Structures are given as structure tokens and as C-alpha cells.
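Here it is, the structure, as C-alpha cells.
Letters A, B, C, D and E name the chains as they come in the text, with residue numbers starting at 1 for each one.
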Amino acid sequence: MSDTHANTVAFVRETQIPQSPPPATERGIVKWLRENMFSSVLNSILSLLSIFFIFMLIKDLGPWFWNSTWNAENLAECRELNSGACFAVINERWPQFFFGFYPAEERWRPVLAFLLLFPALAPVLFDKAPRALLVVTLLFPFVAYWLIWGGSIAFPLAVLLGFVLAFVIWKALAKTQPTIALIVSVLVLVLYQLVVGGAGLVENILMGILGNPEDGPALLAFEEVESRNIGGFLLTLILGITSISLALPIGILLALGRQSDLIIIKYICVGFIEFIRGVPLITLLFVANVLLAYFLPPGTTFDLILRVVIMVTAFAAAYLAEVVRGGLAALPRGQYEAADSLGLDYWQAMQLIILPQALKISIPGIVNVFIGLFKDTVLVSIISMYDPLGIVQPILADSDWNGILWELYGFVALFFFIFCYAMSQYSRYLEQKLRTDHR
Amino acid sequence: MSMAEAQSNVPGISDEVAISITGMNKWYGDFHVLRDIDLTVQRGERIVICGPSGSGKSTLIRCINALEEHQKGEIVVDGTLLSSDLKNIDKIRSEVGMCFQHFNLFPHLTILENCTLAPIWVRKMPKKEAEEIAMHYLEKVKIPDQANKYPGQLSGGQQQRVAIARSLCMRPRIMLFDEPTSALDPEMIKEVLDTMVSLAEDGMTMLCVTHEMGFARQVANRVIFMDAGQIVEQNEPEEFFNNPKSDRTQLFLSQILGH
Amino acid sequence: MTAVTDHSQGDEGFRLSQLLYDTRYRSVTIQIIALLALIAGLGWLLNNAVSNLAAAGQDFNFGFLGSVAGYDINQRLIEYDSQMTHGRATLVGLLNTLLVAVLGCITCTVIGVIMGVLRLSPNWIVRQLSAVYVEAFRNVPVLLWIVLIMGVMIKVPPQPRAFRGDNPDATMSLWDSVAITNRGIYIPRPTYEAGSALVVGVFLASIVAIFAFRWFAKKRQEETGQILPVFWVGLGLFFVPAILTQLVMGSPIGLEYPELAGFNFSGGIHLRNSLIALWIALSLYTGAFVAENVRAGILSVSKGQTEAAASLGIRPNRIMNLVVLPQALRVIIPPMISNYLNLTKNSSLALAIGYMDLTGTLGNITRNQTGREMESVLLLMAIYLSLSLSISAVGNWYNNSVKLKER
Amino acid sequence: QTLAEVQDRGSLRCGVTTGLVGFAAPDANGEWEGFDVAVCRAVAAAVLGDGSAVEFIPTTGSTRFTALASGEIDMLARNTTWTFSRDVDLEFEFTGINYYDGQGFMVREDLGVTSATELDGATVCIQTGTTTELNLADYFRANGMSYEPVPIETNAEAQQQYLANACDVYTTDASGLAATRAAFEDAAAHIVLPEIISKEPLGPLVRHGDHAWGDVVRWSLNALIAAEELGITSANLEEMAAGTDNPEINRLLGTEGSLGEMLGLSADWAKNAIAVGGNYGEVFDANIGPDTAIGLSRGLNAQWTDGGLLYSPPFR
Amino acid sequence: MSMAEAQSNVPGISDEVAISITGMNKWYGDFHVLRDIDLTVQRGERIVICGPSGSGKSTLIRCINALEEHQKGEIVVDGTLLSSDLKNIDKIRSEVGMCFQHFNLFPHLTILENCTLAPIWVRKMPKKEAEEIAMHYLEKVKIPDQANKYPGQLSGGQQQRVAIARSLCMRPRIMLFDEPTSALDPEMIKEVLDTMVSLAEDGMTMLCVTHEMGFARQVANRVIFMDAGQIVEQNEPEEFFNNPKSDRTQLFLSQILGH
């Protein structure tokens, strides 16, 4: 047999055997095909079936795409020109798909807001982005509001002031009394915005300086655009982005509440989460659309977009809470104990130790909730808002485009696919990155 | 109290009481984990606790740090009574450092950040100063060059040494160790034990749950044997290992030292 | 947070600062504040509602459920006509919701399991196709799929009158038994004539026989170790006896075929477009999520399990059945339940295509015809909530019963 | 107090349909136009002096009343039938009738149906949440016929389904049928059956209890009707407003009396209202009249003097 | 042939060859894990394999069981050549039992079911008979009373013993162990080692990757030291521990036995 060691009582290798390259197994397309498509009878059948399926798809849909028309006045003209799809309708109506009925000459404003979104998101999405961009992130909501809805800058400024005020108070108190600081600053914020009318007061003062756009030319004021006129993908993005950014903190708080030892707080959170998760979003939109007016003091009507945002946020927050709870539960108990034994208090432990890790773990889940939320915004078409799906209605009603369907739905589907797919790919990238991180 | 007296003659051990536990009892639900524990630890004393699994060693250690609450009896740490007052708990925790079996480093922070976290947020130390202290202790545990790596990039032994340094950065007067080497590969145990020995030489008050009998012989002033939630026997190491009094201890020692 | 509750220290007397610093009181303080805030908030909302209702001169009662509905519902699983009450209409809607939910849950499971397994297939092209399916359906809103499929249902199949004439443009499929039209699909309805009881009886008996055979096979295996082909025998038992009886008895169970009559087909069972579109869309959409869960579940069984089984000499397909699937199921089931929940809730989008489910009846027509917004929406939410809670209760019960035993 | 709100806000919120050509639909630029839209504009002009100061809020059959009740819109001008229960039970106030309508049926000509009584077994597209839905059920029941309802949410969807022949019949108000048919490529291939199975008086409505506001809407509509009766057109409006020898014209246009003041509006309120799109006849002709694609004849909607039902109470 | 001869004199070791590996090489992608492995194992021989982490010990063991395929060289187990022929693989697997570091018990089956699964489905044994055999081996590993519990309810040491019993139920002629004790607490290691010793006494052919040097001294006929994918040294235990020839072995032993 093996003389190498059979001849010696004790085998001792004196020299290293060098690394050698792997045996040259045959390579190339044939091998790949055999391994990946025709490795067994069943697999071969499946492969052939799949190829047939793809062939049928191309045979049916291909001509429709190749013979499409991009320029025509109406459907009849389209049909005359070519046998395939009539994308002329997209060509004519794209502004409505993107902006709803936003005034044509003001469209640069939402576009600008959209562009600003990227620097604002950068520090959140990529940890390599310069930290200074965080300022843009924090200011973005106010600027975007001002750009999209227009009017004087006084209003967003006044609201911003409230947040600054609350933040300063929180900062001052947080060192000594983190819990109280949080409560007080939220209270200050609420009081400022709602009860005392601080925002209105400041707004009026600022208007006094800048001038009221309703009375005449004013500084830093745009033409106002009504929520009703905002539609299309712009509406989707507004609803999606606002709700996502509001839902995340609320969801985290709900998750912490649900994990809390404080029974009452725990059950309040559980009740809220289970209730929201138990009913379809559409019924919540009914509530936004129909019932909210009943539950508010007489005479308070507020913007439909705002109402929808509240409901969608509540919906997403409940789902997020469950996802984050999963992340919290996945953390080893030792992390909590180590934090405790170092003398960190509850909020410090959460902020410094627990949440950064729990959120990382739950990123895939969080992104899934975001994708779901983003998709769910089309439900507002049911309560007759002109989101991308809703905007199809007036086009269908137009005698020029009567009878067109696939092109419109296809366009909307494509838009959602691009956005949602991008989001899910981003979450995959994050997952990948976090898995290899620090190793 | 003859034993305490005897110890106070040993150099490095003062008369001051670091921890005093009297009549302490603890239940998990209906399960009586710790029964009538009485224990006095002098400043500078180094105590090794051993005993079979489930005997309540970890629980005892964790009660001292208020990680678990006890239901009866008194624990006084460095003159502070452990009560439900948050201030007292905070005070005790910042005087008592703790090392866990599984290190429990914070994986999302670098080694340096792990060490400076508590000084900055609890002691409200400037970052610069906290980092200097951290580097000092990292040098002490012999891994200053790893300061900017993440825990996941270190070996188990290195991680445990970081955990020790992290506790030291709070400049505790008492250190608790809960089986600090039992999750380590044989090759790494030695590194950690060496670190602990050097701590002991500096005169730190230490309570250590461990089954490393070599370590116990080398540095402990006293070995405590626990079983079924009670302190069964305590003695100086030599006596303990060579002349265990109780049958239970003998049985245990024969198993541990057996293979 | 943990701390000591040693009440021997109570004699120090109570200081106000203890409300904040003493772990014993601190939690109580916080909870009471939270409770007060909650009660205040709810009270405020309720107060507003009461005063708003009063101002509008409306009251809050569910009496409208007893009044005549006045509208017709095309798809009804129970007796209903326009002279019955809104309550009855609500019930019809609820049953329609349940119908599409149950159908959807079944098909989405089948689709999802197949697609999930195919995603792990060694076959490259199959893997890619199933990935395309999953991504396409997960990343486009379900509402869009519903209306899109509804559009297909309306536009692509032939109109009923295309079947008319001597040389019709369209013919019925499956030996003239199924008519696929743009008003829905008409399938034969079984009719029961004399002797059919026997066929049904034989069929039921053969189902019993299948179980009996499985039991027998198991016993046989336990006693002798011999493994019998349970699946094939079961399959044979399922079909053969009943079909034989049917033939021998001279086909007592007949089929009523749909035929063109007047404007539409009549006879047979009419599956309406709205039902089909909703069913297909929900199944495909939810199926994509199920596929991901199935994949994750199978991947979650550690490689060590497969290796251990392999090293015992067990063959790959048995490893799947005996070791991997039983463990994967435990991972798959919890997300599966939430998928079923989502499907049920998404069925409320029926509104968009006029499927008369609970939202379509109570939430839409009844709400509009009676103007009882508050009552109908609250009732609607309550019904959905109890549906969801019962689904998750059943799910949790099942989940607990298969949970792995731990120390 | 709605009046004050509208004046404060500087614009009128008017609920309209989501899209019914001729009555209310946005064009490619998002400008709303149509017969109902004209009513909104007239009211806006009367109140604010500016016919373009309107926010149009599209509503479906099922969201319209909610929108009005919750105060989201100030008035609803969306071919809504005036019924007892809507007036009394739902607590709305109908402020007049701008179109006398009735429910009809539209079918394809090649179906060979000439009367609604031949519709036994037909598939019928019907908008949910409307009175037509109830009428339909009653009609078929009364005539002992069966039918298959295909419920849909909006007119546009109905159009899709009907054109694809997913239903044999589309039923809605005759005016709506005409408007829908007008949007078809081959309008001639579809006929509206002669039966009108219901009375559908359509008119704008407001919330109950706000009488001042109700009056404004009511009399703005009446102003348009009276203007036609009195021969005021957009062409001769300025001339008439300068003063005529007909005192009713003078009172209407504000040159005499103080009707505007009584309404809480400016004296030339009616003049503004008429100036937007002309009198009732002009509005009718421009949006749905025989010369438009919709091609409705005046029929019942002619002035009482021409044998129709339009009859404005006197301005006095 | 001196060693083989020498060994054949030891009682229990026959001349029959149980495993013979010649010139075996294995790559993971481009990474050369095992290089020119030559190894002959006599029936009844007990071999301990040790070496630093990543040296390819597990891979070697797994190749013998066809859990990994090798790319060059020959492995003959009990006269069957290990090829890609499924029948041969099945044959070899039913003659070779394997125990893993992490036990890999089937958590959804009871202990008894774990043990009877393979006999019933592979050997087509009646359930009764399979259960009898299982109980026999469970008694051998001293846990017959746990038969109806689930793996999750047992301690690690008990689980590993079940894993051994599970393999034995297939009545293998060769047992492979891959670090069977390294995931266990110190007190449990002994239980498992005892079980293995008693197996060895019954004359089972064993290949065992372990760092338990006490065990190696006690039961091994031969100790093999691997490094970087090759066999660096092999010898009888006494010689191996007391007179390691290669520098690499000396270094390794000094670390392992150091503390």
C-alpha cells in the first residue's frame, strides 16, 4: 500500500507539499448546460417547458411592442398607424402621470424637491456620505413642503421653529432626565403647533416681514398649489416618503413599548398594533376619508393628503413595530446585561447599544414594510385621489383614448416595479454588507 | 470571623469591607435559587467561586451587580445598600465591573468605542480623556493595536480581554467574573488567565466564578464551593483542594480534576 | 431594568422623589401618566364624535341593518334578493369575502410551494423564471394586478355572442363543457339523478379506504419493515372505484352544461369575472410571498441535518420527507399565516372591480344608500378584525402544537 | 357660516364627478369643464366675483355625500338625484334642479333590442351607491324579469366594460348615457332605449341647516334660469346691466333693489354668475346641447314658456 | 510494514484493511485543502487526528463518508471503492457511522425515533426490532430513560451520546468522530469520552478528530498530526506526545498542553 508511512514506524513529513492548481475539469458552455439545465430527465423536461413558455410570451407580446406607436392624437389614429401598442397616450399624458394636475409652469418645483431628496437621503442610506449632509436631511421636509405646496415660506419656517424649540429643550434636559426630557419636548411641540397657536403666531409675524402672498407680491413665496391638484407619481412619492419617515420612529417606539415591562404601556401598544394589523388598509382609508371628520372638533377640516398620511403611517408603524420587535428579540440577552452592568440607563442602552443592533438585524423586514407601504399608496385611488392608478380614470373617460388599457396599467406597473425592486435590491445590498461587516 | 481575620494579615488585603452579604435569599418564581447566603469580602480579596452547574454561582454574582433582584436579605457594596433606589443601583454599578462568559462586547462598536462608551455616557468624560484611559487599559491587556477593529474581528481570548478592559475603564473597585474562560478554545484560555492574574497582582478586589483550578491555586485568597444555592464550603485554596471537608466538595473536585 | 424589591426599607417614609427614582414607584408613575393620556385622548375623540353627531342631527344605531336593502347582488352563496335587509346583504358580502379568501389561500399555497421549490431547483432557467415571477408580483401593487387581470378578463376572452351562429368565432373548450367568455367562465354543474347516491357513497368509501390503506401500510412497515407504495395506491383508490361505479350504473351523476340562451349562457356554474380576477390576482400576488417563505424555510434547515441524515445512509428524497420538510414547516407556518391574513385583508380591494364582498356591500352600497357612515365603517372594521384575530388564533394554536420541544 | 368660510378662503370647494364628459371632466390640462362645472363656476362668481376661484373635488357615487357631510366640499354639483331620504334622512338640502333626468338604458344596436321590456336575462352594468341601482332592482322586479348586475365604481369603468361587451346594457341617467355614448368612437352603433324608468331630478346640494349658504347656491342657479327667461345672454349682459326698463332684470342684475345685500353678496352677484358662461340655455348648449358631441335636446329642460319644466321663482 | 505488523500484534487489531486512502487530493475551488493524503487503517484500529484549526481534519473525515467528494486519489472503505456510483456511496455510508461536533440530532423526533429512523427506512427493519436495537444502544450510552424526550430537552453531553447511539444503530463497522466533545461543557466531556472509550474497548474501528489528549493517550493506537492539508506526523501516542519529531508538532503540542 502506501509506502510513505508504512515503511517508517513513525511517519514524519519533512518537506511541504506545494499547493497545486485544481485538476482541469472540462469547462465551457456544454458543461454548464448539462449541469444547469439538463442534469436529469425531470430537469430537461422543465427546461424545455420553460423555453416553450418564454417563446410563447415573446411571440405574443413581442409584436405588440415592436409595432407600437408613440405619436398620435388619439386612439383611432394609433390604430391606423400601427397594429401594436399605443404608447402615444403616455406620450401625451405623461405630465399627469408624474404630477397630476400640478400647474404646468410650476412643475420645476416638485422636480427640484425630488432632486433635493437625494442629498437628503444620502446620509441615511450610505454611511460613507459626509455627515454634513444631515443638515439637508433635517431641513428637507420643510423645504420640500414649501416647494411643492408653495405659499409663503413663513409657514414651514414657523413649524420648523417649533421643532428647533423642542429640540433645544430636549437637549437641555436630556443630560439629567432623559425620560422627562422626551415627554416635555414632545409636549412643547404639540402645544406649540396646536394649542397655543404658536405656529400661526410666528407665521403671521414672519408674513408681516416677508409680506403675505395673498395680498400681493411677497418675498420667498410661490404660487400656492392645492393638494387636490397634486397627483400621479408625485403623490405616490409624497405619501410614501412622508409615511415611511414618520412610521419608522413611531414603529420603533411601539416596538419598545411592546417589549416593555410596564404592563399598561405594553397592552396599549399591543392593542394598537393588533387592531391596525387586523383591519384592511382600505377601511382605514375610509376612516380617513369619512370618519375622521366626526372625531375631530367641529369645523376642523384638514387636508386629505394629510389625513391619508396619518392613516398610512399608522398602518405602516404597526407593521414596523412587529419587525423591530423581532430584531429586539433576536439580540442576545447579554447585550442588555452588559449595558446594564456598565451603568447605562434605559434610554442610553436603547440608543447606544440595543437599537443600532436591532435595527440592523431588522433592515430586510423594515425595507419590506416600506415596499409594502409604497405599493399600498395606490389604494388612495379608491377614495378618488389621482394617484398613478387614479389618473387612469380621467384618461379612460376621455373620448380620445377610450378603450386603451394595457399601455396605461403597464406604465404604472413599470414605475412601481422599478421603485420597489430598487428598494429590495438595496436591502439585499445592506444585508450582504452587514453580514460581512466587521469580520 | 476567624477566617476574615486570618486574611487581613495577608498583604494587599485591608480591613475595609468591600462587599457584605447577609441572609440573602432569592427565588425564581417558586424555585429557591439562593438560600441564606452570608458572605463578606474584604477590599483586595480575591475569591474564586466554584460548584456544579445550576448551583447558583452566576445568580449570586449577578445579584451583587443588581442584574437580578434578590428578595430577602441585604447586600452592601462599598458601603452602599443595594435597594430599589435607582441612584444606589447606579452608584454600585459604576463601582463594580463585570465580565461575562460570552464577553457580550457590543459588535457594532470598535474595541475603542466599546471601552469609551460607558465613561463618556455614564461618567460624562470628555472623549479624549476616555480614549486615553481606554488605551491605557487596552495596553494593560496587551491589545492596544486592535483598538480600531470590531469585536467580530478578534479571537475569543482577545475579545474576553477587551471585555475586561472595558470594565476597567469605569475604574471599578470590585471586579466580578462569571466563567470568563469557559467559552474559549484551550489555546486562548491562558491569555485571559494571565490578564486576570496581573489584575490580581495590582490588588483589585475580585470575585470569580471559574473551574480553572490552576488559577484558583495561584491567585485566590479564598475558594467558595456552592451547591444547590448554598455556600457549602469555603477555605484557603491549599486547604480546599487538599483537604475538602464536605463529601459534596470531594465528589465535585474528583470530577473536575479527574480527566 | 432590574432592581431590588426589599420592603424592609419602607420605614424610611415616602418621599416624592421616589416617584421618579425608586424602581418600585417609577414604573407605576409612568404607566399612570400613559393611561391618563390615553383616556384623555380617547375621551376627546369620543366627545367630538358625540357632539358632531348631535350637531348633524344623527344618532348612532344599527337599526338600518334591519331595513330593506333594495339592491341586487349578482353573486350570492345564500338566498338573497333586493327585498331583503341590509343585514342579509352584509351576510352575503361576508360569505363572498370568505369564499374568495378560502379559494385564494388554497391556490396561493399551491403556487407558492411550487414556485418556492423551483427557486431552489438546480435548473438554471427554471430558477430564473421563478425569480422573475416572484419579483414581478412582489414589486407591483396588488390593486394594480387586480384591475389588470380584470382588464384581461374583460378584453381578451370572446363575447358570449361570438359563440352564436352556425360558424361561431369562438367555441367552448373541454368538449363543449366550459365556456370562457368575457363575462366570466361557465362550467358544468353536476346533477344528481337516481343512483347517484351510490356513486357518492363509493367515492366516500374509497376515501376511507385510502386512509385505511395508509394505516395498514404503516402497520405493515412497523411489523415487517416492508415499505408499500402508499402514494400510487392512494391515487388509484381515489379515482378508479368511483369512476367504475359511475360507468356501471350508467352515469347517474350527470353534468348540466352551460348553453347559450338569450343574452348569456345559462345553466352550469357561472364564475364571474370579478371573482376570477380577484382570485387569480390575490393568489399570484400572495403566492410570490409564499414562495419566498417556502424557500427561506427550506434553507433554514441547517446543512448539518441533511449531512447527518446522509451519513446514516438515507436517500435524498427521503431526507427531504423525513428530515427537512418537517423542520422547514415549522419555519414556514408562521409567515404563512400572516400571508393568509394579508390575503384576506387584500380581498377588500374587491371594491375596485365590483366584486360584492363585505367591503362592496356593507362598506360601500349599504353605507351609501343609508348614509350610516360611522356605523357601517365601524361594523366593517369590527368584522375584519374578528376575522383576522380568529385566523391568527387558529394559526398560533397550530404553531404551538408543532413547536419543537426545548429544554 | 359656509358663505363666510368661502369668502375667507377665497375659493369655492365644489364636489363633482370623477369624469363624465359634458357634465364634469378635466381636459388634458386639468381644466374642469362641463354642465355641472358651470354651476360651480356660477356660484363662485356670485360669491367671489371670480368664476375660476373653484377647487374641483372629484367624488365617486360612494364618496360624494361623505365629502359634503364632513365639510370637505362646500357644495356638491354632481348629477345627484333629489330624493326624499337624501333630503330628510341624510340631512342635505337640495337647492334646485339644474337638470330633469330619468334613468334609461343603452344597448348595442346590433343586439336587436328595441325596448327595455326585452331585457330579460341581460347583463347590466350599474354604478354602485346610486339611486339608479335601486331603480333598476325595482324595475326588473316589477316587470318580473331577471338580470345580472355588474357593479362598477365609476362611469369610466362602466364604459370600459360596456364597450368590451362584458355587459349588454348600461343603465344610468339618460343624460349620462348620452354623454357616455358621445365619447364612443362609433356612437351610432349604440342606442338609448325609449323607456325612462324613473324621475331623476338632478341638482346641486349643500349641507342641511346652513340656510344662508343654501340660498346663495339656490339663487345663483335660479339667476341662470331666470336670465334665459328674461333674455339676458352673455352677449347683451353688459348692456342690460347698464339698466333696462324691465324691473326684474334690474333687480336681478343689481341695478335696482338690494337682492345681493340680502344674500350677503355684492350687488352685481348675478351679473357675475351669468358672465361666466352665459345663461342656463347658453351653458346647456355649450356643454351638452344638440351641437355638442353629447347632443342632448332640451326636452323637459326647456323653459316653462317653451313647454319645459324650468321655472325660476321670481326675483323680487 | 513494520508498524502494521506491530499493530497486528495488539489484541483486537486484525490484518484486514478497513480504510485505505492513497494519494488523495481535494480542492475547494482553487483552494487546495487536502494534499496527497496516504492512510491505511486496519480493522479495529483507533486513530486520533489532531492539528490546528483549518488544517483539513474535518474535510478528511468527511471525504471518507462521501459527504465531500475528492478530486484525485482513491479511497477504499471496507473493500468498496468510493466513486460517484450511488450504490457504492450507499454501501459505504451504511457501514460507516459518523458523529458531528454539533450532534445534528433531528429536533422534531424523539430520541428513540432519531435512533430508529435509519434502520426503519434504510435497513427496512420492523419497527419493533429497530426499537429494541435502539434501546440496546441507548443503554450502552447510559440514557435509556430519555428515550421519549426530544433532543432539545437533553443536555449537550446527553445529546452527543444519543448521536453516537444513533450511528451505532446502523451497526457500522467503522465510526468517524469530528470533534465530538468540543461543543460541550467540561463536565459533560467526560461522559462522552467514557462512552467512546467503552466503544473502543469493544473493538470498533474508530477515526476521531479531537484535542482531548487524555483520550488519545488512553485509547488511540495511532495519533495523526495534520497541518495545511497534509499529514505531518503519525506515531503511537506515547512516542507522539513525548517525542514529537517535527517542529510543527512540537509547537502545537506545547500550546495545547501548555496551561
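We adopt the following convention: contacts are C-beta pairs under 8 Å (C-beta built on N, C-alpha and C of every residue); 3 or more make two chains touch, one makes a residue touch a chain.
Labels paired with UniProt names: A = Inner membrane amino-acid ABC transporter permease protein YhdY; B, E = Glutamine transport ATP-binding protein GlnQ; C = Putative glutamine ABC transporter permease protein GlnM.
None of these values were measured; they are calculated from a predicted model.
Engineer: Would you kindly count the fewest steps from chain B to chain D, each step being a jump to a chain that touches the current one?
Structural biologist: Tracing touching chains, the least step count from chain B to chain D comes to 2.
Engineer: Relative to the centroid of every protein C-alpha atom displayed, which chain's own C-alpha centroid is closest?
Structural biologist: So the chain sitting closest to the middle is A.
Engineer: How many angstrom between the C-alpha centroids of chain D and chain C?
Structural biologist: 43
Engineer: Taking the mean of the C-alpha atoms as each chain's centre, how many Å separate chain A from chain B?
Structural biologist: Those two chain centres are 47 Å apart.
Engineer: Take the average of all CA coordinates in chain A, do the same for chain E, and state the distance between these two points in whole angstrom.
Structural biologist: Here chain A and chain E have centroids separated by 53 Å.
Engineer: What residues in chain D touch two or more of the other chains?
Structural biologist: In chain D, 66, 69, 153, 157, 160 touch at least two other chains.
Engineer: Mind pulling the chain E residues that touch 2 or more other chains?
Structural biologist: Answer for chain E, listing residues that touch two or more other chains: there are none.
Engineer: Give me the residue numbers in chain A that touch at least two other chains, ranges are fine.
Structural biologist: Where chain A meets two or more other chains at a single residue, that happens at 290, 293-294, 340, 382, 405.
Engineer: Help me check something: in the complex, which residues belonging to chain A touch chain D?
Structural biologist: Touch list, chain A to chain D: 75-76, 92-93, 96, 100-101, 104, 214, 226, 228-229, 289-290, 292-294, 299, 301, 304, 382-384, 386, 393-394, 396-399, 402-403, 405.
Engineer: Please name which positions on chain C make contact with chain E in the complex.
Structural biologist: Checking each residue of chain C against chain E gives 221-227, 302, 304-305, 307-315, 318, 322-323, 326-327, 330, 404-407.
Engineer: Tell me, which parts of chain C touch chain D in their complex?
Structural biologist: Contact set of chain C toward chain D: 56-58, 70-74, 81-83, 151, 154-155, 159, 161, 182-183, 261-264, 266, 273-274, 351-352, 354, 356, 360, 364-365, 367-369, 371, 373.
Engineer: Note which residues of chain C are touching chain B in the complex, please.
Structural biologist: These residues of chain C touch chain B: 2-6, 9, 18, 21-24, 26.
Engineer: Would you tell me which residues of chain D are touching chain C in their complex?
Structural biologist: Touching chain C: residues 61-62, 65-66, 69, 85-86, 89-91, 111, 120-123, 128-130, 133-134, 136-138, 141, 147-153, 157, 160-161, 164-168, 208-209 of chain D.
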